[in-house]
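Listed below are the structures to be examined.
You will see chain A twice below: alongside chain B first, and alongside chain C after that.
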Partner chain A sequence: MRAIWAYLILSLVLSACSGAGAESEAEFAPTCIEDLSGHSVALPGGSSTDLLVSSYPGIDIMRVSLGDIPIAVKSGRADFGLLQEVQFDANQMARQGFKKYFAGILRGSGAIAFRKDDVALCDEFNHFLRAMKASGEYDRWYNCWLHNLDSMTVEAGKRPAPQEGKKLIVGITLAHPYIFLQQDAITGIEPDLMNLFCRSAGYSPEYVIIQFPALIPSLNANKIDLILSHLLVTPERAKQVLFSDEYMEGGLCCFGVDPQWGASGGQGIWTRTKENIRHNLIEEDRWKLLGNGLIVTLELSLLSLLVAILLGILLCYLRMRPNAVISGTTRVFVDVVRGIPVLVILMIMFYVIFAKVNMSGVAVSIFGFGLFFGACFSEVFRSGMMSVDNGQWEAGAALGLNKMQTFRLVAFPQVLRRIIPVFKGEVIALIKSTSIVGYVAVLDLTCVGDIIRTRTLDAFFPLILVSIIYIILSRLSGGLLDALDRKLNASK
Partner chain B sequence: MMAEGLGVTVEISLLSLLLATVIGALICSLRMSSNKVVSRIAMIYIELMRSLPLLLLLLVMFYLVFASSGLDKIHITVLCFSLYFGAYISEIFRSGIEGVDKGQWEAGAALGMSKGLVLRKIVLPQMLLRILPVYKNQMAALIKATSIVGYVSVMDLTKASDYIRSRTFDAFFPLLMTALVYLLLSWLFGLAADALEKRLTPKRRTL
Partner chain C sequence: MISVKHLSKVFNNGEKELTVLRDVNCEIAKGEVIGIIGPSGTGKSTFLRCLNRLEEPSGGQIEINGIDILDRKADVNLLRRKMGMVFQNFNLFHHLTILDNITLCPCTLLGKSRKEAEIRAMELLQLVGLYDKAGSLPSELSGGQKQRAAIARCLAMDPEIILFDEPTSALDPTMVSEVLVVIRRLAREGMTMAIVSHEMQFVRSVSTRIFFMNEGVIYEEGSPEQIFEHPQRPATIAFVNRIRTLEFKLADKHFDLYGMFGEVGIFCNKYGLGNDMLMKVQHVMEETLYGILPFDGAVTLTLDYSEKDFTLRLLFTEDGCTTSVLDRLPGDFLPLKIVQGMCASLRETETGKILVEM
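Up next, the complex of A and B:
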């Protein structure tokens, strides 16, 4: 509890300080990419934008996820940001303190990407698109989306994704207004098109959110059937995937913080907090998203913990075998697993080992965390076992107990008592490290916080809220294990 | 690109390692101070750091605390890692100091040594030997934890491999490469720590 209060107070003070430190430079208005030289520019890493801007010298490129671009600019981390112009307009970013400087970078067309050998599906989609374009239906629909985003969103909400038919796994990256979450459902220009297609062709789409750089590897790893992410058609990409007909024009614009836009620091702190809660939680039922994220985090933590404990016991048992080969192999295995960052293990699991298997990101993550923490736990268990004096085993044998009985009745109670403090630290570490699963397309608490941040362009509130939830989770689990510790020690 | 990423990873790891040790020692001395308020504050700090995910701390530091400061992003990450691991290390130090028997302090005092002198000449050598294995683990954890800095647009080893992946569309090779490099890093670090451990063990000390 103390920690939470301390954190709250600290963050409030810091936010006040950071707000006051806003710089007031003379306005600099770039008109082309060359002008950006000597400035930092936020853009999505690994995208074609990245490739283009990298070819200009002197630009400090900040590669962040798509949603973090406006936040990076707003917080002063980056001087300018590059975003699809449609995104800038539809998000009404001009009304939120941003200013568009110039547009028309990287004009091109977006298309859906299929696997190279999936010609049949691609043809089917092209056929659908051509028919829609020929009837003029397409233009009408597209313009409707561009000009009446809000009413179209409501309308699209009334046309949910078809549930019947062959399942189609669609890889997406969230980017308002193309694709976004609205009251727990995925909607936007592209999903609406996809749903139209699926309804006419008899598929049921399942949307999977994936980090942009991982989209094409996921497609080629059979994780998804197609990429729906306004993917620009480039020759390099065309070598890897099969592009459908182009269905969307797009171009980037460069934006920065609007110098004319006054900071709204005048309001009292309570009004601002109330406004924040309304904006970040109540609107569009964002608290539901957060709740789902929390459930995913809990589910991941508990199941991974279970897997890790079982695996830890097994590894510890193997490691302590008298057979040198078995114990040596186990030792190498444990050392290797512990020597690789959990994030890298997770990515290897997701993109390499389970690439060909149709498994959800959550299941893969549970295996990944189970494996890593199983290796860690096995060492904790072993240190516990080693701390039991040899004389105890001998005494057990002298009393006529067999090895198993000695373990159960004599060694185990001592081991348990000794390892609980270390074990507690590891469990908390596990809960906290689940925050990285966003990398492999799992919508956990941190990832949901990111999504909310992306939509509300508010860096502060979602971050603080999510941190507090984590603190509560860690304290709770720590408290449970402490209670267990006390109970075990009381019986001594 | 991989090599550059490796350089960044090593730089962040080494700098954070040093700074975290300094911060750890500082927090430990605060935590063990006889002044209740000071030790309480240090305790809350440790609790806070231990219950927050590192990634969130990094995001908070990057987008909130140091948002409008001119600090380089690598420096911010180093600071963040040091603050985070400093809390863990201070607890390691504390357990090491508390592990040394009280009689040793009393014996030192009886010999007319000052507190600082006892700490330096008697307690520290014993404590170092005791905490080294745990310290080693924590440092290995730090090296591995640096893999998340890609989130705040620092081009480290993991992010570099991510970038290569997005350009070559090959998931397998860059990932395995990265894993191997991390393994090598942890192994090298383990070797260095083991050598230090050997040097510190009086029985095995060879000069």
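Up next, the complex of A and C:
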């Protein structure tokens, strides 16, 4: 426990020092995309921005998730960032040390994407939108959002998502101010519009957070009913999805670190640490979010562990059958599963195998981790079984014990003692592996850390905090197994 | 008590078949102590392991107290409770103390209470001389102590017969006797036992009957005195007298004498025959092969050395010899004189067969 406190203090101090950011150079002010040649630019991977910028030579493209763009620029990893102008303005990024250089790139319109065959739902939404535009209500509402973000957020908070009616699963990607988390609730320009639509048409929306590149595959795999993610209408996307009427205009702006910023470094370490805690945890009750993420991670780890142990025992049993066909098939199965990265297994399960089945991301993840670690565990168990020499089985048999009794009374206690050290490593690996479930729309600890990061534009503190929680989890699970090991060794 | 008929066992590892037991027939009565001896690889251990079905026999019949144990319906586990087995490698349960090793099965299988089983276990530990080791783990014991503990574990099941599978082969020579003493004590108390062992003196003194196994059958059986003093069949005689053999087949006179000398040198060295003896043997070989034998046909030379009475014999056999070899030579023929001067006796046992005893 003392060690954990040491980590905590160390990280807080580090995080306080981390504000230094990028070193300022002589100001270089680009005015168009061509000017960016020879510089690194952070932008969302797989987006239309990506396609556009890739067509210019000499630009060093850094593909990060949407929310990480300001962080990449602030930390100096990228010289410039490309973001929707609306995001830059609404976030008041100019007050956080960023400077807008030029705008008007990739002007286009955002729309909702539906499945190709879901014409009825699309029409229903279009109808709603046209009526709203015709009455002038739409413009009023939209401008309010752009200019009075804070009061509109409070306003929208009073219009929660309707709970009654047919369920609509809405795939979203977080990007302030379009869509963001406000005290556990999804809010922002787009959810507000969606809630208005649902209320008038009698639906109840359920928002699912998905990585941006996975949105369209999820839609086509029936995991979600529509994509609400300020998706620009492009001909390529129009081939895969059905777009609604456009409901917002947009364009990118190019920004960088404001060279005049940064004179505020005079605060003491303690003040800055306090400021970090307030900013990242207390504000908007972000600690609650973190708590929920922790619960999801714990739940995932425990259930996956259970599934993996059961599957591992089964695979180990099959692998050790004398029948060559059964043991051979099992061996190939275990080799194949262990040969695929666990993230890829998870994606295959989510987007291919269980695409047509209505299964939550958590359930799929438990299944995926159970499968992968079951295969790993089976080999651990098998090596344990192999270490029990044949003489032990024979001695049991010669005394009149049957196979099962010999296993239970003689082999198993020896196996257990031998595999615990290896098993401990595997369990810790499992807990840490759960950090990738963000890819299948599960909000775990890591994912929550990302959300906080994109909101506060502070990379260091949330990442370190999340790391510390993982360290504590690993130490606790390792400690439990160590205690079991000690108990076994004491009784022998 | 046990009746075995036409028992056979063939090991099959995919492509190769290995017949270990061909046709074993025997009866074992209550109270007998059967010593099973024979050269390595003749199926002694396999035979023992077939009796409690640790190896599945390939054919034949085994009846114990009138019940056919190879029957599908036979309860093997029940059978094994009544047949203890002591292994070459002890096979104590590594994770349990000596006391727990002994009480595990009585508690699990015989329904004894923990207390009851412990009282009995302590009696047995007293019997094998390990009373103070009850709380030790097997890894803390010496080989001899482990084997005595294994015997105690076996006895705790109150078996009707105990099978000993080379109980002292894995032991340091200094620890052999402590185990043998325990087995001897069991024999004195009337326990029925079958013992596979290479400790000849021990087997001879403890057994009531000896099975000599060779090439997958019980080649000869009888009382210890019959087998050890008056063996009837050649393999038994060679085994009991511990005769070591070296054989050469020479097609004609142009054989490789020095190559042979080299092999004889290794042979003599291996069985501790000194340099003097080696020189003599080489002389006898040279004089006999070049001087005494007519060497018209092929010649076979056999060296027999008995480790029991330390005698070395050379037998020269010439094929297709019709007239006596020695009779045609004059009495003062020099090579003959030389050989006679070096050996204890020289005789022509049959026509063309010369036996030299060193």
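Keep in mind that, in the parts below, the second predicted complex is superposed on the first by the 469 of 492 C-alpha atoms of A that agree within 3 Å, B and C clash if a C-alpha of one lies under 4 Å from a C-alpha of the other, contacts with A are read in each partner's own complex, and residues count from 1 in each chain.
Please note the rule applied: contacts are C-beta pairs under 8 Å (C-beta built on N, C-alpha and C of every residue); 3 or more make two chains touch, one makes a residue touch a chain.
Note that the structure is predicted; figures quoted are calculated from it, not measured.
Per the definitions stated earlier, placing chain B and chain C onto a shared chain A by superposition produces no clash, and the two fit side by side.
Draw one line from the C-alpha centre of chain A to that of chain B and another to that of chain C; the angle between them is 40°, to the nearest 10. In the superposition on chain A, contact of A:311 is made with neither chain B nor chain C. After overlaying the two complexes on the shared chain, residue contacts for A:220 are found with chain B alone; chain C is out of touch. Shared-chain residue A:433: touches chain B; no touch with chain C. Residue contacts after overlaying the shared chain place A:463 against chain B, while chain C stays out of touching range.
When both complexes are overlaid on chain A, the residue A:228 reaches neither chain B nor chain C. With both complexes superposed, B is the one of chain B and chain C in contact with more chain A residues. Superposing the two structures on chain A brings chain B to within 17 Å of chain C, judged by their nearest Cα atoms.
Residues of chain A that lie in the contact sets of both chain B and chain C are absent, per the superposition on chain A.
Within the complex formed with chain A, the chain C residues making contact are 52, 54, 77-78, 80-81, 83-85, 87, 89, 91-97, 104-105, 108-109, 137, 153-154, 157. Here chain A touches chain B in the complex through residues 2-3, 6-7, 11, 14-15, 18, 21-23, 42, 45-47, 62-65, 71-72, 75-77, 212-214, 216-217, 220-221, 236, 240, 336, 338-345, 347-348, 351-352, 355, 425, 428, 432-433, 435-436, 446, 459-460, 463-464, 466-467, 470-471, 474-475, 478, going by the rule given at the top. Across the complex, chain A is touched by residues 44-45, 47-48, 50-57, 59-60, 62-69, 73, 140, 144-148, 151-153, 155, 158-159, 162-163, 165-167, 169-172, 175-176, 178-179, 182-183, 186-187 of chain B. Put simply, chain A touches chain C in their complex at residues 391-392, 394-402, 405, 409-410, 413-414, 417, 492.
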